[in-house]
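Let me begin by handing over the structure; questions about it come next.
As written, the chain order gives the labels A, B, C, D, E and F, with residue 1 at the start of each chain.
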């Protein structure tokens, strides 16, 4: 499986989130989405550090879509490729080589984000 | 990654299950498949409740194909969207936001099941 | 490892939850605790079904303390041992034999809850 | 947490398995126990190889009791410490450093099995 | 989701590994890759047994790409379909029915490897 | 289960690590231990950030001993309780409420580290 293109990933993510938010009886999910928005806001730790935390957690839990989401956040907060590689190192060490395929797709997605910015 | 269409999912599932059941020396796998058929039959708990249990277990273990399979079961047993949303709530709460991408695909698949019925 | 006694489990659980709720800057955790309370309340699905869902999710994710917590809920909502055994069956089938050690402790804890009630 | 002593582990394991097998409505669990007994019997692969497979699967899934169980099997089938260390290597590499604490307890349990034999 | 074709899988795997190895500040990842190469070499256990260990670990951890990788290794070391089915049995028993969808794709990939050889 | 006391945890950890490092044929494990030491050293990211990354990864993977280890590192690098609570928030959000019991023990261990320093 290859990484998705950022535009495709974000379009699908938004379309389905809208469906979930339009569904009946979705109070619990809505509140979890709400907590999610707040958890990555600047506080005792800054937003960049929080995006790195979200990324490493997503990597060891092997969730590609979560990885793409936090790669976007990392990119927006100015994380460098040098910094990213150290997060990849910790994720693959703590989570093991089953994280490697997700690291390949993360690397590809990270490239797409730079290409997109270049245009 | 998007949800599969029910017809595609079921066709592939059946074709590969047949290959596994036709393979030599597959006694253990066959017996697990057999236990699987029995575990969701009506007993002290009814079939609908068991499908909900299979669904929430599949969601927190982040297994898309297992989710599609139990969504079919839930649909057949008359689970409502209101009930489904509460299962989604518990799955995302207990299993965390790494369940969100699977919830998006579950929502899409659930829509496909309704469309298919509508035809 | 053996199951904890309900009194010990609940005392520690409450003492540490208090510490967490008394800690500074705990807004996100507090909100998650709050969602947790709401997710198991009666809605489209009744409280008993929701406790069963919480239990099976906790079993496949191999979280002993979460299992004890939902066993208390199941006991309070009148779940029978016959019903419980079918949840154990689904949990061990979907989650595999790594769930067996947790099933042993769950069985022991379930016994403690009946003994406690007998006194 | 330290490793359990083999006698304690086995006594508790047997006592609770008996409770599970004496419980009402336990058909699914019983059949899973039965498949478990058969899966490690000699077939196309010999029993020693199957115990190694059971061990590495238990390690990457971080199940101490399952690890102790398969260490007993490995010990009975004559697995050497040199061979065991290579299984530990693969488990820690594939599963990551979260397997290290389980490796410590596995090492301790392996020592207990040798001490017990020495007596 | 269906299994990938071996040629596609290997081409993507190699292309992305090269990108990772060409990235700046990748010392930790490089060393993990290096340990990975060494862990499956013949030692106290032979290479075939080690590939089986890598395969069962990858299956219970539900990592398709890792499964394809070790299926290639198993194929190269002369693992028979009879032997493979017993590994599938242990993986589905220990890891549960959430391993079934990965077993379907493994079965498909194993077929591709035989077709490729036939040409 | 309660948190261990830091002295007990560290004594056992060191004793068993020594046993592993003294065992025959432990080359792979030794190299993983070595990579582990290097991964948390200051680089593009500072040591404090890396300890936070190690902590959140350990929490979502539900490894108590790994959590204690990184809490020691966080304490040494001057992480405040306010910062820690935000890591706890992200871990419980991404990993779900199955992380809560580990958060209780983390809170207790964090208290022990402060008590120990106070003496």
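The working rule: contacts are C-beta pairs under 8 Å (C-beta built on N, C-alpha and C of every residue); 3 or more make two chains touch, one makes a residue touch a chain.
All values derive from a computational prediction rather than experimental measurement.
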Would you mind naming the chains that touch chain A and likewise touch chain B? C, D, E, F
Rounded to the nearest 5 degrees, the rotation mapping the CA atoms of chain A onto those of chain F is 180
Taking each chain's centre as the mean of its CA atoms, which one is most distant from chain C? E
Suppose you list every residue number at the chain B-chain E interface; are over half of them used by both chains (same) or under half (different)? different
Comparing centres built from CA atoms, which chain ends up most distant from chain A? D
Which whole number of Å gives the spacing of the CA centres of chain D and chain F? 26
Using Cα averages as centroids, what's the distance between chain A and chain C in whole Å? 31
Please tell me the distance, in whole Å, between the geometric centres of chain A and chain D computed from their C-alpha atoms. 36
Chain D: which residues touch two or more other chains? 1, 25, 27-28, 32, 35-36, 39, 43-44, 58, 60-62, 66, 82, 85-86, 89-90, 92-98
Chain adjacency by touch: line, ring, star, complete or other shape? complete
Contact footprint of chain D on chain F as seen in their complex: 1, 4, 12-13, 16-17, 19-20, 23-29, 32-33, 36, 58, 61-66
In the complex formed with chain E, which residues of chain F make contact? 25, 27-28, 31-32, 35, 38-39, 43-44
Residues of chain D that touch chain F when the two form their complex: 1-2, 62, 81-82, 85-86, 88-90, 92-93, 96-98, 100-101, 103-105, 107-108, 111
Would you tell me which residues of chain C are touching chain B in their complex? 32, 35-36, 39-40, 43-45, 49-50, 52-54, 56-58, 60-61, 66, 80, 82-83, 85-87, 89-91, 93-95
In their shared complex, chain A is touched by residues of chain D numbered 60, 92-99
